[in-house]
């Protein structure tokens, strides 16, 4: 997998470790519910960084695929796997590389995380912006409370230790059934740069939405109070402006930190509905390329719950979008 | 309001009526719950159409604002209205046109509808694509059944006549309180062109998501089973491929018609969470530009429920996105 | 004609006069060699400016066409005029608006000049950048010396008064023949902002080249010593770096102020080869849409030499390109 | 060097040899006037091609640099080499990788040739388009006649064998002086696809101009009769339309095959003024980063005349631009 990041300002301190540490967060967990593929994912910087600093020119990064086993996929080459893009690609391109490493594979998120690592570091340095991602629901199990320091301590990235245990147990059970499970992830952006987003088409929520909906497993997104907002009246939903310290802030955060498409510096809150992985070993009915009914079991090594690994991917897409708007904002005022 | 549509193929039959009829759908309803502003919104074609056909060059459309009353807004020029973009714009630009016709106004959706009218006609002619938008929830009142022919018969665009009446009554009640109410709209795209969407960043749901989240009132979006998907297992959520007639289709539609970011021709299903309008006449607390506490009542003429008028706007954004991808797809295969 | 300028920073002082004064420079001259069309070209600002300052949102400008006489063009609707785009448009679009006001008309340069006026004022305010355009050759008559203050004193924008007289006389003679004549214009950019241009595809000369070659009459462009450079050796052509005042500058300017695609602050020098106008009243042979041989005289009102009016158009394209890169450069360094 | 080509249609036959053969044309010649660097430049296809056909997804190509000798450059790290981008980069980025492999090096044209090879093959297959590049002038020596079959037979790519010998001798003489020499290259595009180019900003000559002016050594470009056009009258310069076979063509080609920014299928003719290479071993005066006067000799291995190697690079940029417009044109008509 490669990533070419254009537009990163020059003179910014950047090391291999900055990127590797985020890649490591994306790796499969060590628990029994995770894929047994060994994804070493060692990043190399090919260009764009010199003596520890960015040059201002494109940063080219590469991770070599070491554990690709094309034979795993050959048996399925004429079958439309349910939930997968096989049929889509046939319709779109008329020719498909049925082996596992293609652009329809979750492997492509490696590139997102590499770019996101740079954006995260940049935003932290420039604006103290932090993006906190965590699992708020897996299957029907919800996180009962939020304690940030718990998140990276458990395999599911849940902010409550007890809920995490239940989630882990549930994933294991689903895995034993040869099935998979989805969930909901939440992202809290602390100290987002102010004034990001354009007033009409490139609203901040629109660009964040596009970035996050480009992750294959995401089926829904909401900002602030999201799908509960329709039940509120305007007088309940409108966030009262108040002064906090020297800044204007809001008393509530139904809007999720974005007003008229533009950030005001209060927390941006996003939740993503994540589907269960399509690759399951349980038998499924489908058709093949000739339109004949058939069934299949996808035997490979797959995550029973992709959500914990989605979190650094989504954080990356958020960071990339914010950094892009941050740099754009530099030319906004005379 | 103006709209310049670039990229519409030449030789396509297009009349003023094609656009006006969609603009008329966006107008305020006649019921008591709607704004009393007279928005005549007569479109003129300035360029791009000759002897009833498109020229292939940009189509320039204009609607003159006839009922603008800037004085309505002057009283509020130093106050940050809750839920509005006043503070955002101060932070972003440092200078704001406080009068009502700006780009943060819902008036800008006139332009979206004008462009959308062209895209809708094009998609219908080329692919028999239809986009059906309807209100599935207003406040906490849900549409109980779906009968397409009911939608345009009532002021709230609900597909069930009885539910529509309840919704209308509720909106009227909220209006009398000087308040506003939101809702959920659903969009069913019948016969979408196949093979639209790119495999990675420009997935069809990503571009539809951006287009729809660029509408100011939208706080959440979901595709197919959306936020209910996290509770399903892979074996439940995966849509079984089946043959229907001469085409491969799916037995269920949890995915909302998009697989791997690409349409396969089955119905695309989208739902939008729409917030209650921010402008309410009920008294609200806030601060002014000096950071002093104050309160305000927004007296102007406002919709108590914007959802019915959002529907043609959102349909337009869907149509524009699909047409854009349709034209892009023309260069995909050798 | 309209122009929508997106991306101009907010808070910049801008008046109708700033734009009108540049439009006036584009108008036909008063001499006998010019078109007798009355092009009043009064600009109106429709949006984007409030209380004398830019808002940061798109600036929408309009000039109404008052002197359009479609009947002038009807006689020619089935004839491919030599040098014109009639055949091109038939091949490209299959449908053509044969009336004069289309996008293939020189009228479209009104829009370029409107946008250019803003960019010129911005660059002058920010970087003391000035763009000096003048005619260095008309037909085979060359300007003998350069005195900047002469340029706007004569109808051909020549920097030498005596040469200007010869040029004017020559144009008049050509006009009496029912013919037209081209020329070469030179542009000297004083105090260009430093560090504009990207290292590979968006080199400053590449973007300036595209902008200027998008003007219909331009058939060639050269930077610095241009087409004389091939005759020089490297040791002659390389510009020696020297210190002037507190800045590094160059002893010569064969490169035209751009090194490796990036400006260093020394004068940027560009010359454009401009063809004679295609519309002439002299009889010409051609074919019609059925492929039959025919001949035509284009009787309308046309400039015998378009070069003087090209100059503000080209200055505008240069200014727009520089301002675009100037704003882009704001995000280049950490 | 790498190249990522996005947008190539799927199902197109493509092999490593297709690309390698063009890369080989870019290699240093075998004559005494060429650089002695061994640039093996073996291309590998990393993705986008499967079983000999394009997949429709990005084609990723790589050529490893085998002969980089960073120490050659270290001596010069604090000196602004005349004609080079050292100062530009200091001004733009404030940090520079002084080693030779950067984006300001002619090595980057490897990527252009890789992409161009694909575009050339595509255009030939789709439209029988061929791009013939040849040297029409080196130093002050001009090619006396044009015989296409001669071009690839001599080291300078001149279409006249006798002129080629004189050019080669001249280059050798200049090389012995430790100097370099430029020239003029001409490109004839036979059977260009019709109807390419947009009417206003993206005129075909504008996009070709940008593409070609993005090559570092190009200082001027002209289409058709170019810089001789200003001396012609409209009646001389206008290309008379005539019927040839079943197609409308032109009697002359002053316009270079493009009318109103759009191709009509007649030959497109372009000439490029190419500067002498900046790196010469002859002593030159300059300043260092502290602004002190100094002198330098650039000892490395450099071409005394880069023009012959520029030709496949420029052909590639032409092909890429044409293919891009060709694919764009697919969505132009209803």
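A, B, C and D are the chain letters, set down in written order, and residue numbers restart from 1 in every chain.
As a working rule, a contact is a pair of C-beta atoms (placed from the backbone, for glycine too) under 8 Å apart; a residue touches a chain by one contact, two chains touch by 3 or more.
Worth saying up front: this structure is predicted, and the values here are computed from it rather than measured.
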item	value
Chains contacting each of chain B and chain C, listed by label	A, D
Farthest chain relative to chain A (centres taken as mean CA coordinates)	C
Pair joined by the larger number of C-beta contacts - A-C, C-D	C-D
CA centroid of chain A to CA centroid of chain D, Å	41
Geometric centre distance via CA averages, chain C-chain A, whole Å	48
Rounded Å distance between chain C and chain D, as computed from the means of their C-alpha atoms	26
Residue numbers of chain C (touch at least two other chains)	10-11, 54, 56-57, 92-94, 103, 199, 332-333
Touching residues on chain D, where the partner in the complex is chain C	80, 82-85, 87-89, 91-94, 103-104, 108, 137-140, 174, 177, 179-184, 194-195, 197, 199-203, 205-214, 216, 218-227, 229-235, 237-243, 248, 254-256, 259-265, 273-280, 282, 284-287, 291, 293, 329, 332-333
Partner chain D, residues of chain A touching it in the complex	2, 4, 10-11, 50, 53-57, 60, 92-97, 102-103
Residues of chain B defined as touching chain D within the complex	7, 9-12, 54, 56-57, 199, 327-328, 330-334
